[in-house]
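Input: a single structure, listed below in structure tokens.
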């Protein structure tokens, strides 16, 4: 009997999700599963994901791998799929509540942020007390990933979060400001310039992902500030790791989309075969596919892997 | 009726390719459910476009109205019924603002609604503090907000009240445009506003009524959204691409962007055509980017066919 | 020149509020650098809008052209100079396609370019496989691609070749529109295409030349993008909102969406006005959402002021 | 002059930027008469009748209808007072049908609940009426009353506009160059219609550049020059050459002409 | 008939959907003559001259100019053969200046490198020429040659269109109802201009519904009916009533009229 499965990503313009799809496709081929892929049209696109889930039900798929754009708004549709007998696995981002999916294979995005926050703080040492921080976020609509990474960074750096469900409400004077980047070079450069115009003494830059970091670097470079500014990021894509090696990015939190995707496909195959559902990592309510800090300048008390290792594990 | 022909051909082609999976009651009613929001917005958009205007703010307004319905209920504890009424009233008020700027200040509709789009979208994020109200909470505490999501069976197929609302709305508007004086005035104003004014139409009144009605329908669309998605989410994509989606439906449906020509039923079929294509391509397993590309081809193709049929049958 | 007045007032107000931080050479040249891409796209958009058209595909086309320049160099090992030429040629070809559909098949420009936007954007992701070419690699192996990012000092301020290109492009187009027969024909076609045809203008030729030139300028914008961002990224935001940004600049600049009226210098000022507002508001500490909202107000406000000044000075 | 003017204007002014289209203009229309208004291009004739029909709001001046002072805010306003106008630009909606255009702004609703509650139009009544009126004008070449106005020739279009005015005007009918685009035969029909309307006791204002037509039907001729009434002449006592000389400024009016 | 027609058409056909606008239509214009074309509204007069001037491509039929067969693909094509036309719709770009409109499609470039390399226009030359031509027509009321055409009155606009045709037509000048919107004085000017042009040896085709004008200037009258040439009459041997009777179908042409 032919098993089919679905992969629904947030967008398919972000390389992260493109790689996730490639990983899933490779594994599906290996296991003889038909895989259909869907994606939102823009960041935060819940509507298209709902339509995709409905399509999967109509297509008689056995399971769905979902990176939810909106962690709570998608829940009723996920419930509908589970009621129809599909296995739903959240990838990368947990649903709200987390048990709305059968299982979650994820990186802890908050943790990813926290790691680079800690690293930046440790690297700056005493200077951390009067750092000037630029926060380059994803989008004005504050999608969940963006908020988790942003707030995780602040937690790690020792900044009072305010409401952890949104950015921009903290009062710490070290934060110069937030701007949005759409997660690409173009947005990264413009956002960096805007914040530099507000305060030229910025020396720490948090970025939502590595393309945004590359854009921010261009902005710093154009005024000769690229050497004395610390850029941290999240994702761990191969170009990103290469940028860590080149000194563009100080450190990045690496995630493992290929692993998430292939584990997810395996889980669906197992479920289709004899109805077993995957189990969570010990002590957590989700299956943690892990996150590692990649840097060649390890900091005291912050676990990290070298660029060399990062390159082996990187995606895309 | 060119759009109807295109629609039927699309259904037949996909049915042929996908077989019974596509012709199942589930898939067929699914299309209706998936297009209900765009369908309602396209009905609103049709009205504006018939007056030779365009409304880029429809999607954002629908989202903000749904947020108002949700926040009024949950933040201020207003009874859901009144919160819905407030959402609809707010939509109408924003529509009135658009109408006033277009009709009295005489600004081009494209510009007015481009500005209003940004204002409404930003206000939406700011007012809601980007917080989603969860479906479970709504279900427990204010099920009336999800009223239009109520399902019922009809001949093996599942319909929701939202779908019925869309269909009734389109039929009522089609009737009003065809068979009432107001409808004739909408066409006349879109055709040539100066001539309409000289020949006895209250142009300002007609434009105001259209923009306010459009705002009201956006409010309805917001309510439909809560029914469909269960939750109230300020970051709903409709806010960003609802305008383009509704305009696409309208132009595929054969309404002229220069105003005064076309039928609102066309827009409804236009929305369905896009819905059939998207579902069909998805079910056939097309990659999202390919789907996106093919929708682009569809837009140009549908209008070319329309043009060609008109020429041949002229 | 209303847009110029608005621009100067905006600069003065922000200068007053923000003081020397805003009047620094850094901030002033930053605005130019930030608007260079939108400025180039707005120049292209102005041409189409003068012919009573609209081009929704400009942003996506610019991104795809930049991707072609990058991929041709890195994937196929074509010399950068030829890759840039190929990108420009590709832009021109897509423009020709748009022009042909508008002028020969007689489809409305809004629809043609709406479809083309989706096609080009999807092709962009498909062709590039969403892969970014890193700035460092380009710098090492094909610095010519970043040519327009080259900097030089002038009176304490830093300019890039991209900024110069934008300014020269606007001036050349302003000259051509004012002082050559081609320019007069562009206005005549936008004003009343039938009358233009009867009075001896080659309407098809004029439209084709405009759309092809627009495609070519989009190619240039793609090259400017590589200069500005260093890298080649298919997911650049310009692909999605470049069209709205350029249209916003054009309408704030006072060009009529009905064609035939307005000056391309206005569009340039329009782009600068938006740039000044964005940077000024950010520097004044407005958060991104408020900035977004205020830009919406600006759009409506600028056009209202324009309308009002015209009425008073009539 | 024994009777009072049915439509009277005093001291109308209207400026467009630097152009003075109406310069302290007076106007009188007597009951039951055909009053021709003649004047050079740009003299302000169209502006005058637009002011009288509510399409233009004069900057200053008074208008009175039947002795009562009125001020029209819109063409609809004037129309509800029984003043019906054929504008130089015809004011038709090209994409709508002949019947729709005939009844634009005063549609007939269906009888009973469909009309009162659902506001349904009575298409049949409107179509029959339109067909009848066009037939009266001899526009028999129009076969389909539901065809869009844009498919008509310029002359046919003008015919529909005149038919509309003739059908609904109860107090005053104003015609701004109603025969400009018409052929000889069609023009004759319009002149006959004008005489018919007068026979029904309704006064008419006729703007025309066609002197033979003017002299054929007019009871009095209002000569317009530089935005104001220069004089009123009697076509029975003056020649066409006189009228042309007056309107082009080649000749000054005599005092009694001024007073007419 | 000793000389050959300068512009000749045989068997022209043109259909718009179900409407036959030209039905196997013949046409002859003799050197140096003023040929009037008259006919009912919708008879197909405008379509005929559009076919002759390249604005409409006939479905079938032959056109020859100076004895050589030609087929015009566009108005520009006809224009380059010296045929200049004033269309009923005037064909002006409202937002552009009078001078721009006069030279649309045949702009004068500046001397020297500015012109050849940078394709710069010689504005001054174009403005001077335009001013001169308008003055010739007596359109002295136009003060500013750079004012947009849309600010002109309907009559002034028509004057500019006629001036353009008169200035550039070298072989044939076609005028489609050039006096429809004009006042008496302005119409006279246009008739004088037509006679002037003939005096320069250039033949003219004049479409008009104004019979007195037609009979005043025409050498021959082409009567158009139902999409074809019914007959050609000589204004000196026929009365206006005859012509009207022919064109409305009240009277059939005699065989010699058919042959004329």
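Letters A, B, C, D and E name the chains as they come in the text, with residue numbers starting at 1 for each one.
In the analysis below, a contact is a pair of C-beta atoms (placed from the backbone, for glycine too) under 8 Å apart; a residue touches a chain by one contact, two chains touch by 3 or more.
For reference, the UniProt names are B, C = ABC transporter permease; D, E = Sugar ABC transporter ATP-binding protein.
Bear in mind that the values here come from a model prediction, so they are computed numbers and not experimental data.
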Contacts common to chain A and chain E (chain labels): C
Graph separation of chain A and chain B (steps between touching chains): 1
Selected interface, C-E versus A-C, where C-beta contact pairs are more numerous: A-C
Chain at maximum distance from chain D, centres defined as averaged CA atoms: A
Between chain D and chain B, distance of the C-alpha-averaged centres to the nearest whole Å: 44
CA centroid of chain B to CA centroid of chain C, Å: 30
Multi-partner residues of chain A (each touching 2 or more other chains): 12, 42, 140
Two or more partner chains touched - positions in chain B: 122, 125, 287, 289, 292
Where chain E touches two or more other chains at once, by residue number: none
Pairs of chains, among all present, that meet the touch criterion: A-B, A-C, B-C, B-D, C-E, D-E
Contact set on chain E toward chain C in their complex: 55, 74-76, 79, 85, 87, 89-96, 100-101, 104-107, 109, 118-121, 123
Complex contact set, residues of chain E against chain D: 39-43, 88, 141, 153-156, 177, 180-187, 209-212, 244, 247-248
Residues on chain B engaged by chain D in the complex (per definition of touch): 175-176, 179-182, 184-185, 187-188, 191-192, 194-202, 260-261
Contact set on chain C toward chain A in their complex: 21, 26-27, 30, 33-34, 125, 129-132, 134-136, 151, 158, 225, 228-231, 233-238, 240, 278-279, 282-283, 285, 287-289, 292
Residues of chain C that touch chain B when the two form their complex: 101, 105-108, 110-112, 114-119, 121-123, 125-126, 244, 247-248, 251, 256-257, 289-290, 292-293, 295-300, 303-304, 307
